[in-house]
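To start, I am sharing the structure in question, which I have written as structure tokens.
Every chain is named by a letter (A, B, C and D) in the order it is written, and numbering of its residues begins at 1.
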Amino acid sequence: MCRWAAYRGKPLYLEELVSSPAHSLIEQSHCATRAKTATNGDGFGIAWYGERPEPGRYRDILPAWSDCNLKSLARQIRSPLFLAHVRAATGGGTRRDNCHPFVHGVWSFMHNGQIADFEHLRRPMESMLDNDLYAARTGATDSELLFLLAKQFGLERDPLAAMAETIGLVERLAAQLGRKVLVRFTAAFSDGRTLYAVRYATDLHAPTLYAAPMDRTGGYCLVSEPLNDDTDAWVEIPDGSAVVLGEDGIDVQLFAPGSHAPAKGNLAVAG
Amino acid sequence: MCRWAAYRGKPLYLEELVSSPAHSLIEQSHCATRAKTATNGDGFGIAWYGERPEPGRYRDILPAWSDCNLKSLARQIRSPLFLAHVRAATGGGTRRDNCHPFVHGVWSFMHNGQIADFEHLRRPMESMLDNDLYAARTGATDSELLFLLAKQFGLERDPLAAMAETIGLVERLAAQLGRKVLVRFTAAFSDGRTLYAVRYATDLHAPTLYAAPMDRTGGYCLVSEPLNDDTDAWVEIPDGSAVVLGEDGIDVQLFAPGSHAPAKGNLAVAG
Amino acid sequence: MCRWAAYRGKPLYLEELVSSPAHSLIEQSHCATRAKTATNGDGFGIAWYGERPEPGRYRDILPAWSDCNLKSLARQIRSPLFLAHVRAATGGGTRRDNCHPFVHGVWSFMHNGQIADFEHLRRPMESMLDNDLYAARTGATDSELLFLLAKQFGLERDPLAAMAETIGLVERLAAQLGRKVLVRFTAAFSDGRTLYAVRYATDLHAPTLYAAPMDRTGGYCLVSEPLNDDTDAWVEIPDGSAVVLGEDGIDVQLFAPGSHAPAKGNLAVAG
Amino acid sequence: MCRWAAYRGKPLYLEELVSSPAHSLIEQSHCATRAKTATNGDGFGIAWYGERPEPGRYRDILPAWSDCNLKSLARQIRSPLFLAHVRAATGGGTRRDNCHPFVHGVWSFMHNGQIADFEHLRRPMESMLDNDLYAARTGATDSELLFLLAKQFGLERDPLAAMAETIGLVERLAAQLGRKVLVRFTAAFSDGRTLYAVRYATDLHAPTLYAAPMDRTGGYCLVSEPLNDDTDAWVEIPDGSAVVLGEDGIDVQLFAPGSHAPAKGNLAVAG
């Protein structure tokens, strides 16, 4: 189980979510309280939007708690929209290319969850990618592959529909191949303007997702676990939901996997 | 709290203690059961004796559980005497120079424990070192400094006496400077022929130390925590003890800090 | 341009080729004399055969000249057959999974050279792999892919024929796709009993390959560049050659890419 | 020989000096043209001033040319005053703590040069530090030690005088101890408002230092080597000079080592 936090609002120093609070990501990486695995020592990453359309990114394979660079960057960088992630590997070796957030063009993506029998689904999933996206795959995780498939299925056009198609594809693929159909998926992603998050699982055991307003900024924070003990402030987002944080504030919608084949993606593969 | 294991006997693949058993060091690094800190993700190291008098060593700052090199080396290297350590930092940054075991000439040393107020004792402790040993200090940990001081105080001549003088020095120094006198020290060290271990604390809360015979080799294993649930096999070494594993088998002695100033060391400093 | 050295003979400390001579691999990694690129600072690796059928391996992404672990391991480990490599990246990021030697089962492989337009050949080359070999690919280099394809085409059955088929496949694939047909390939590989090397290029500009007897051991050393200035000792292996170092000494054969489709490989892909 | 670049002016993306020009620092790290050592693969670092008084910093031990984090940060971060450094180690292992720039409070410092016989001067130099500065030393380089000594001798009060005292101290110390008196020192340092640089050597062989105006920003760039072939733009700063880049533009002064003992520093040591 990984941990992550994402923010959209007035520019905020990354350290406010990454290292400062009592239950900051770095603290959580050492000793999570609601998590199933004891430790998140398999690397970390941050992606933040600044003056350019595409985000900056810093990732490394050390435990987050022992990385001086992360502390200095989180203290120095202020951003109106950023993602931060600490990793507990479920698959894919400990290397930078496997650390979240993943970035492609202006998009960033990070994930907490898993796909059952991924080792058997990986190759057919990769075969769905266009050549450009295939070449863009530098790691070995299921998370990066879900992100690239969402790009394939129209992330730029309709982000939540593309993500729904991606999840639906994985479920159908697992069923077709006679594998266990189990997807647990709590993810955040952004194009630098809007921040999206999804909580979904085939078995109703999706990793948790919480939202809280940040009083001082008028913005919102989305997290895999509350960052402090102010239990009133944190609202649990229910399983099967998508959160959209944009200029008009926060919006929570139903989220269900796409039920039909993504035509464009299939054509691309056929060609 | 760190974790360590040491072995002396017929040549044994390092993986037998490092990665194979149910409670191997690597497994312990992920989730320790008797330890106070949840995680040992701040690096690891192995030192083993082979055909040369001085040991080989491999250290790195990744968590032990995610290092492919460690798995390959532990599977390939067989040694009649080796030390292995996983680190949970109490002081000194996460970098290779701070990872145990420390090596100087033919000697190797690793440690689990702490010195209270070390930041105030560090400089006077370092000032006791000869120029050669001062220059040999490459890290910032209390553990490396205890090792170098023991070298200063005659580790080659009388290993246990030198270690006793070192501990005694720290206690007297803390008292003289009006600091808290608290040393917890569970360490193993070797010259490649004999394996020594010490369990000692000023407050009777020394980190644990266990010994077990290795049936297949006629050798012995010393560990900070039992490597499996065969509770009959593991004998707890009491606080205030030193263990000597040599050609004549295992010997357990009383261990108490040296009560008089180490004359030679002081002279060296004066010079 | 990478640098490598390989040895087969009586057990030799790795440091004799890796760090000791005037032109050792580590020295070469700093400042190569016959090479086109100034520096080999993109990682290194060693694979050696010991008491087990499969080799041990150590790889890291630091420059070889600054890695204390490498120096200690090369000084401690003695082996009758080993491969050592320093990397100057031509493609594939600087990460451990992209460092040579690559290992699969008992086989090890390392390479100096390049495939033109590899980014366009990569996907069809990967599609030729069986599921097991596809899953075994952890890096992004052309070198690892050539190794896995050789496994696919019968490396265990007939090592040189399998390698010839692999090279032939790449040439045909490039021609079919209308890409530049350019392969430069100077590689060494082994199953732990016999050491093989190949020097070949489509344009007669294959990276150099030299062989020299090791007087003290009765063994032979194969290198990308001579390890010292004793020019009489080093014999240049001509372009279009394969070297076999086995129990009967050294044998040099002609090497040419396989001219027909590797039937078994294709069937495997079809299935 | 290390390479560095520093900038003061209107906010500039770090990549303009670090990765963009034909002779950027990253390019220079691969293949320097005026340098004595072929390669700068022993790590790198950047320190930049933003909204806080103290600088942000990012350092790592990989070669600069292979670090994706550096490229992303240099592309994303814009700053009115920053320092960037690539390292070719002359002493001190390859580890983050030995990478420039060094930072203490609001001050940053980076250096290209060397002190002869430093291994014999190190301990007496370290003994001159106050306890706070002694504890702040985390690496083993001569460069970090020069920086901390300058802090000891009044860097905040009179930066150039403090640096002159530091150099003078090293020269006197070497003479007193009968060692070779050789200091080569081309350094840049800043408090976030003013950017200072010094070029000095006891033997008139100081590493080069160049300055150039940045047309678009009205600011200035200081570099160890010109960043492009526009030879008219770069002015060589002569040996024995200090450069001050402040609100009033650029000022070049004579620089000579301090000729009297720094009274305050000596008292601190005596206490």
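Simple rule for what comes next: a contact is a pair of C-beta atoms (placed from the backbone, for glycine too) under 8 Å apart; a residue touches a chain by one contact, two chains touch by 3 or more.
All of these numbers come straight from a predicted model, not from anything done at the bench.
Asker: Between chain B and chain C, two copies of one chain sequence, what rotation angle (nearest 5 degrees) aligns their Cα atoms?
Answerer: The best-fit rotation has an angle of 180 degrees.
Asker: Between chain A and chain C, what's the gap in Å when you average each chain's C-alpha atoms?
Answerer: 38
Asker: Going by the contact rule already set, what residues in chain B reach two or more other chains?
Answerer: 68, 93, 96
Asker: Assign the assembly's chain-to-chain touch graph to one of these shapes: line, ring, star, complete, other.
Answerer: complete
Asker: Note which residues of chain B are touching chain A in the complex, please.
Answerer: Contacts found on chain B: 30-31, 38-39, 41-42, 61-63, 65-68, 89, 93-94.
Asker: Could you pull out which chain B residues touch chain C in their complex?
Answerer: Within the complex, chain B contacts chain C at residues 48, 50-52, 55-60, 68-69, 72-73, 75-78, 96.
Asker: With touch defined as at the start, can you tell me which chain B residues reach chain D in the complex?
Answerer: Chain B reaches chain D through residues 93, 95-97, 119, 122-123, 131, 134-135, 138, 140.
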